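Here come two complexes built around chain A, the first alongside chain B, the second alongside chain C.
And now, the complex of A and B:
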């Protein structure tokens, strides 16, 4: 988490996420809007670069520009239902993609305690921030569980004997949920016994503070939002 | 220091068949634990030892619901009337499952977590972490992603968090269940350090061999009551028969009787060019040649990271990139054929139970398209009966207890008609009787003509039921041999200490 040479405060990241989300979802593709969108599309790319996540970065570039190219070149040549499907699909990627990828960057670059600390500074109640922090921690567990369940299914050759996709999904979801309940239970007990409480202030060893860089980024984001709504 | 005054507790929960189950509760406990005392609580599963731990760290009544009578006081504070967050400053807890006791993803954050919650000064916490890391020799584990750590390393991180917090009382609930020998040794060193510092330690545990030199007192529990108290002297002198009588795991292997009949000869399974490396290049196996007896019980042993699980996964054909083959009954099996002819019972059986009832679960494994539903039902019933699960046919697998789930997975393995069965740590966290039960079931599999591979750290269990040892080291087979009266000494040495054999 501290490996990045370009470290932003979680609050700044949140501001960027909101800005990207709003600008990408609203607005058009001409004039000032176009310039703003260009910035928003570039931001996730740059931020992934700062945490050295090149793989995600390359996937992002490929998928995003693939969708843009599809939209621009191919869409005019097809019509009917296929047109609608492709348009929807590309539209979702070009509008939501950058926000989604940036959100992923936020999760990857922010530790649970940094997150709780900065939320505390913004006077968010613990009842909201603690469950969110648990979510952060839960994703890798989910991944582990999923791959283990997937192995079990392969071994029992369930994919071969069960053709109905809904039954197949059920077979993945049931053990996943059971495992989730179990882990959630254990985790709650462990966190309680380590003194985590909703309405308790805590200290923190992570250094969270707004630097000059943070202020610059926040101001730029605010200007972008204003521009996007005024024009 | 810790005072139980006529304490009774009953959980509010229902069992698989809907009736109220009262396992795990305790009744009329009177217990005084002095400052600086090291107390081991042991007994069979469901005897109430975990409940005692939860009564000390305040999870009862703070988290688990039920009916509590009597009073528990820790350092003069009544557990019932003290908020758990306050109690957590004086009682540190380590839990059984390393996977689910972490709030943070980063190890350093996790070590600091409990101390942060007690509003300790950040500068002091930072110094504390540096000191603890040095003392426990875990500098290399700092600032890492917890998900990359082994179970043993995770458990050590949990201990490090407590070391930084430095509470007067530490309670541990079966901390060694998922650990290998090296990790248990590390844990014992940490416990010894805490004891020296004068901390009061209460530990609930099945595997007591690593505690016999640390414990000042051992309590044996049964059905929610403390049935026996032993001082350190008595504990050290317990014989194998003494531990068996009480349903306890053995204190050392040296006095284990050897009474297995040894079978030699017969057909073999051959491994050829069994090589595989994971993408992360960290774990790999390299087994050019290996021969193991067919229709026998084979233990795969070795330290964490030696390649045991990797071998098991490749054996089951879960890795496409594995080029090697095995020769079984004169047939060459590539990864795909291996998947058709092997079945793994995973350590976390929750991940491999998919259907709505135990009966369906078993039927799902029956590949035969010809058999009618009635035939399948009948066969499933037969298999389940043989594993004492007959009356649970209609029950949802997730409503079963851990041991019952494991037997359900075994039943599916039997139903699948696959000749090779692989089990990953089938006895982790099991008491003596349940361990024996698992051993007997595995012997049944053998009697059915199956070959069983078992990845395990549990040496008492190996001693009881395995025929053959494959000892892995750094992904290679260091040694493989049959267990017989002549190799028994060799095995003891290679399992305990004798590094020259490893």
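And now, the complex of A and C:
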């Protein structure tokens, strides 16, 4: 997809994603864990920068630091149900946020063929990687479809007037499901013409190689994981 | 009916798993409020059952639901959920597979039951609150979410709630499946898309 001067192997990205997920979920907020978490929080930011996705980067920074500030300033000031809701909201953002944003980066920076090739190198069965590649391609389409449906509803002045949540969900979900069926058919035809159905080892035109940079990142991630388990 | 499991099936798995995952994810955001977290297994499948029924109606081969389960487990695991999620996702996938096969992949009734059994994977997301995981998980939660939240969660989750959640998953899945069957009848059968 986007050309970048800082290009990592998909396998390295996967390793980073797992590391971030594990550390953000398991660590505490003191000492060594704090330093590790800080690294994990910064990583998605840096990586989004390298693919030039500034809009996502700014949103990430705003939302994440908003949540951290809220947590720090308000934890003692409010109580009762409101405290619980606010804390959970912020807690989810500070815990899952970096992992999800990094996942977004992985999706945006890896093309389907890169993903499938590198998974093949890791001897991952195609029965899992092909649906996953399709999924990653489909998420952005899903978002586009949703906004088209939303626009269409606004043009016909339905949407705000629908009070019943089930009816509203039906209005959104049914067109989405229709387009899903359509896309499944289209992709099947496309995959046939690309020869995905042939039971032969596929060849690849994209270059997938672990560079020195990849090895450095992998080692750093491994060290971080070890540190987080030892401390 | 073709006997071979081919790329077309894998693509169907991918597209519908994406839709299912997104719907589940949006509903799961309600989990911010503690009581909804406990009711998640009931509310989630009600909505996600609708796309799931369409997916089931496209399934013609053994193995597709299990792949969906594995993919969901992988996505959940890499974004930071604990490992038991694999057991639940794959287990729920296999059970659903057997249910669908019993209906020869064409019976609506079996699809509805399958929707109920497949939603059991949600238990993998809440297992941390129960059994051996409980103590350490709450100790860790105090750190991030504050004592008040933990007290509320602890109050909501005595061990029997886990078994109540199994029932909630099944009931939610049944309702979702029935809703899905209704939507399929209303919109898709007429359009000849099934």
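Methods note: the second predicted complex is superposed on the first by the 223 of 231 C-alpha atoms of A that agree within 3 Å, B and C clash if a C-alpha of one lies under 4 Å from a C-alpha of the other, contacts with A are read in each partner's own complex, and residues count from 1 in each chain.
Note that in this section a contact is a pair of C-beta atoms (placed from the backbone, for glycine too) under 8 Å apart; a residue touches a chain by one contact, two chains touch by 3 or more.
These numbers were taken from a predicted model, which means no experiment stands behind them.
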item: Touched partner set for A:202, first chain B, second chain C, both or neither; value: first
item: Contacts of A:56 with chain B and chain C, given as first, second, both or neither; value: neither
item: Which of chain B and chain C A:157 touches, first, second, both or neither; value: first
item: Touched partner set for A:183, first chain B, second chain C, both or neither; value: both
item: Which of chain B and chain C A:171 touches, first, second, both or neither; value: first
item: Partner chain in contact with A:112 - chain B first, chain C second, else both or neither; value: first
item: Partner chain(s) touched by A:132 [first = chain B, second = chain C, both, neither]; value: second
item: Touching partner for A:88 - first (chain B), second (chain C), both, neither; value: second
item: Residues of chain A contacting chain B in one complex and chain C in the other; value: 133-134, 170, 174, 178, 183, 187-188, 191-192, 196-197
item: Contact footprint of chain A on chain B as seen in their complex; value: 57-59, 62-64, 83-85, 88-89, 91, 93, 95, 97, 99-106, 108-109, 112-122, 125-126, 129, 143, 147, 161, 313, 316, 318, 339-340, 342-344, 346, 348, 350-355, 364-365, 367, 398, 412, 416
item: Complex contact set, residues of chain A against chain B; value: 1-2, 111-113, 133-134, 136-137, 140-141, 144-145, 148-149, 151-158, 161, 170-171, 174-175, 178-179, 182-183, 186-197, 200-206
item: Chain A residues touching chain C - in the complex, by the definition given at the top; value: 14, 17-18, 20-22, 24-26, 28-29, 75, 79-80, 83-85, 87-89, 91-92, 94-96, 99-100, 103, 126-128, 130-135, 138-139, 142, 166, 169-170, 173-174, 176-178, 180-181, 183-184, 187-188, 191-192, 196-197
item: Residues of chain C defined as touching chain A within the complex; value: 6-8, 10-19, 21-23, 31-34, 37, 47, 50-51, 54, 58, 63, 67-68, 70-71, 74, 77-82, 140, 143-146, 148-149, 152, 179, 183, 187-188, 191, 193
